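What follows is a structure written as structure tokens; I'll ask about it next.
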């Protein structure tokens, strides 16, 4: 059994981490690979840090959650603190460079730590709404679990009905993927 | 125990108006209820990273309704004594 | 003068901001309750029981003795407490699911026995904590996760008239009212009378509070207000239903 | 001042349900919450007659869920509260007791087992063993005493209050319809006269403010993350395992050279005792083992017996609910196992004697 | 005519709760009764969205007691009725299911385990094993399938309806919060396309009169004497024991030469599988055993494994609830026992691997 | 002409004499019900559910499909049955303990959902089957096994007003009445309307019947009649409370 | 199925009156309700070994009230057609 | 352990079998002997056959119920049929001679079968109300579990308050015991 790639993405409620994970999972599934995605959930409907656990591999995935991720993405200060536990020396830890005051909380034991300016790019270059798609690009670049084409196809499938009405949205999303991939490339 | 909250305060003719971004969740209930419609989204972010509110102190009458309807006690209004 | 949040004294600072969603009416009900506790000066002798439902998020909300119970079971826990120590001012805080569905036997029987406790029920027209299913109080036609095509009154009945039901089985001594977070002053006065009624040993007191759940209603602030102010009162009449202080016929 | 319910040691002749009421008074119980169900009803009947004389209280609730939860409320108030139930009522009682387990709220529940499953019979069985020891959605953080005689009922009901408050695990006294309804003699006494110290319950809620200051208590049963819960449960299990050896009780005789040891609990162990005594007289090498605590189970003690004997004969008015507890507890033992299972009906000495004879 | 919900085999990617809804449709379930509880809610959400399209019904009840008892009512009407619950809801579900056991009313209950005891967490655990297999005031006359993957969830939910109606014991599909909420791929299909015959439920009540004559049915769960009940229970147990071998299911591999066999069930067995495969690659003699039916338990099958290996390593997201079932089932075996118990949290392959390595 | 007992056709001869005590009102309620079933000609499509309580003794009382359920759970069993097969005429038969205490959540929620079933509740002021404990309906001052010194309304409240409570949460379509075995003709007419209301698909129908329990009341025939005719109506008003056939205000 | 019951029948001017001792439990409800007070305990024993009732047919008007109030259907009254 | 004497007494609801058993049990207990008495009970408040199981011995009694009694007393036709199961070759089976139509139902396997005219005697000689006391006399005679004096003392204790008001009652009860004892003597 080839080991599955383990991905955790965490952020605040509105940051769309769950849909990023879901889209990647579906893209992988479409390719016929095995994907398992599970969100964290609890008693609070809002307010907690939102975490998506995603694994992609060639064979049936084992435990739905994992102790250490291959790539862990944190998109807010609380998310940084909450996801440290999933990091070890094999982990690539990605966080948004605009997050303030977390220097001391970064997982020092991580294999790599990448700060990417996703929030800034989304606001300044693209649109805040595609922030999570930038993250998606970053994740697929960092892990290689799905190709850019597959990611595009998955987004098309998910949001195609919206793109019909406003084709510019398609472009925006696709750009967001590419930019996300670039950000990781640069940070490496 | 006492907890110190960051505060943004605004002074106006009728009184002072403060919001505690550490408490404001950006729900907008206050904004809807302001009889003067003088609250708007601010660039300051609240506890969940969503915008908090700020008043137009030229309009604000310090009536305190926004304080009353805030479920998180994120607003404090003090009316000036006449 | 340093500006500090104007929280009721009985609120517990350490647990603020509280765990309710943005715009949640629970916060307003508990603000009103906190102010009443302050005004009555009973913080040291109140016991607050919260149900399972979003009310559970209030388990460390006040600086008063607090117990988080089971879904629907706050009424009996507080009843047991009061029976064992009548000096404690007992508040059972619950949702519409906890009070009118799974715990309705407790509610109606505590009312029938005229237990000297105060039950506060937050009516938000749905099962909020579990993600927005139909509650006994869901409005006709309202979409929820288990009425995806809108609540069909032919199949599932009309919204439960809780205070009216409670009033129908209580006798003299009970206090029963329905307030709304859209009228906080009135709600506060009801909560105060409810607690005073308990403290006077008159009997059971019950306040339903019409409340908001923007998360499951999927409403913005404007629609949230519109729903609680305009839609809900179509089915739920706000006002006092029973008040021992007011003689019949007055 | 109201006088003590039990003034001096005396031999009495009464039903087991009456014994429970007296024992609760002797243990200084303050308040009973309950819902009628046969065969435990007379506990409430006697309590409601006697309690007011001693300033004690009673509340009849709307169901067993409420009986259980009001009991927990009573405990929170700092009172010795208890309840009693049976059969389907015991099934419902699992919900409140699971809360007691999670929040470590001491509480005493008397169970008078009846036939099961479902309404079955109102009479008798030992079919509530699994449920009483491990019921609810959890790990059985609780203590269960199984009584065999009215003297036991009295002694262990008193003890249950001390155990519950000392260890803060809900504590069950497991009787049955026979014990509930039969009359036999026993000696009742004031425990303090015998040097048994009765623990004073501490109020959780409603403590007086000291110098106008009071640290309020916040107790919960819900956790946000799996890890938080795991930590709590691990701690509870550690504590449970640590105190278990102090709590465990059992009774055995004639096991040392026995080829067959009859293992039974509760009222059935009376028949077992008679059978073993009779068989010994006739020269059969038979022993007797009776767990008194079914939870925690006297595992080491039974294992020691199993190591020396050939066969354990489990005798129960159930389909092996005791046998399951025992087999899990002494797993690894190669002792032979035989069963005499009579769910819902009594077992007599004669049957046990006949069974043992057929075995050898 | 309404079309078939599942027209052709297809690979899908969805949550376990959605899988249950599809499986129930595929099994031709008629009506679901339910009360919300996390993590089973989405079963109802999907059912209420899809059911009306296929002429199916739904009733949201006032609590789980009602969900269970209305389900039994639905079955009496001759419909394939089912319900789903979790945690404290499962505790309450024991009351109606004890009636189903006594009256042999087939019924299907989906359990998505969450943390316990009490409200605990809404997330995940394997702490409802004891309760689901032996809950209520009885002897566990029921069948429990423990699923490990979405494919299992689909297959065994369909199977549960056949099992329940064939043997007339209440049948549980035991999942958990992880399975409920995670998304993974599986193949859904119409069982009849695969040659799986779906049993037609017979109405108990509301049969048509034939020639104006109808023999009404009277069913009860209460007996007047202990002997009557004993006779009924003995008959049930005989029947249960007789059909158990047909019902038992399990999965094992690499046990033949194994020195350690990892025993786990449900979602944890996925981690176990990965661990065993990895360990084997590294040359460790490790085997894998997974009971699929927890009740009846694959006792002989596990015993055969135990007879050949040195140690069983029980791995559970509970404090040994599976281990208890297993140890009782294979009592007499002298196989060594080790545990990796993590109540309320998941277990990963890595942990199991580490544990096994520490053992050798 | 051979003289034969004048039993309703729907009664099951093989189980007669029935298992109720001498002078038990259950027999009279079931006689009235049997006659109504006969008159409506629905014997073949009635399902009768009896509770645990003395009503369980009726598990083989009628020649109709019958299920004995759990204490308080007859309402949900019959609700489930009706939902699954609306052609069946469903009768849930229970005692005051089963209906107003342990099963009250089912009763009020079935009423609120307007389930098309008929619930018949026998009010005998006590828990009879378990030997005569206080019920929600026990009269003030009445001695029972758990109120040995008489029911103290200060401690345990007043007798539950069941039909009034049910009426308070039902809307149009529901039929609610209180009859008495002291007026069998009237009781029969209520039962008939209740079943007709179900059959017409209007909604929930509920009849409470004031009944006798000489065994636990420890009354002779004279006192038995006196209690049901004179004492009980002091607290329980006999009559129709809701009848969809009668328009509001009429 | 048909079950045959033993019957004690009495004839009077207004009609016939029968009791089935196999059904009568001796509760006395009929006796109390007879408007003519013309029922009394009989030497015949009912199903529980308690006395059953018998009418004074000189008084009995065959009004049928006793039949109506008998919870066990132990009485059958047939009024003579006029 | 000396074997306890096992006694079952069965009759219709009104026949007072439970109080007979209770009084005997209390008498034995007063003497310091071990007694265990348990009534049958079930869901029907009335109407079933009432059975009292009584055991008296020198040591703690074993099982509260037993399979075969030393003496089994049946006071009605239904009681005869219901108690046959408690009879074996060591049992003395006592029934009232006025019971009709039970010839075929008598437990043929009983060690002894005694028919005693207790009902008749109570009606004709004494008073129907003391019927059960006659039975009590019969039981103590047949078993010897308590002496006549002890039985009298126990009755005195139980009914003494009534005897105060009407001393003739005492005489009636004591006579009933004696007559019961005689009936057994004669029947033997």
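Things worth noting here:
So that you can tell them apart, the chains are marked A, B, C, D, E, F, G and H in the order they are listed, and the count of residues begins at 1 in each.
What we mean here is this: contacts are C-beta pairs under 8 Å (C-beta built on N, C-alpha and C of every residue); 3 or more make two chains touch, one makes a residue touch a chain.
Remember, it's a predicted structure, so these values are computed and weren't measured experimentally.
The chains that touch both chain G and chain H are F.
The minimum number of touch steps separating chain B from chain H is 3. Chain pairs E-F and A-E differ in how many C-beta pairs they share in contact, with the greater number at E-F. Averaged Cα coordinates give chain A a centre that lies 40 Å from the centre of chain C. Rounded to a whole number, the gap between the C-alpha centres of chain E and chain G is 59 angstrom. Across the assembly, chain F contributes residues 20-22, 52, 56, 68, 70, 101-102, 104-105, 109, 129, 131, 136, 156 that each touch 2 or more other chains. Across the assembly, chain E contributes residues 38, 62-63, 88, 95, 99, 103, 118-119, 121, 123, 221-222, 224-225, 346 that each touch 2 or more other chains.
Listed for chain G are residues 25, 48, 50, each touching two or more other chains. Touching pairs of chains, sorted by label, consist of A-B, A-C, A-D, A-E, B-C, C-D, C-E, C-F, D-E, D-F, D-H, E-F, E-H, F-G, F-H, G-H. Residues 43-47 of chain A touch chain C in their complex. Of all residues in chain A, only 1, 22, 25-26, 29, 34-43, 60-68 touch chain E in the complex they form. The residues of chain H lying in touch with chain G in their complex are 12-14, 46-47, 76. In the complex of the two chains, the chain C residues touching chain E come out as 52, 56, 68, 70-72, 97, 101-102, 104, 127, 129-131, 133-134, 136, 145-149, 156. Chain E contributes residues 30-31, 33, 57, 59, 61-63, 65-66, 69-79, 81, 95-96, 99, 103, 203-207, 209, 214, 216-222 to its touches with chain F in the complex.
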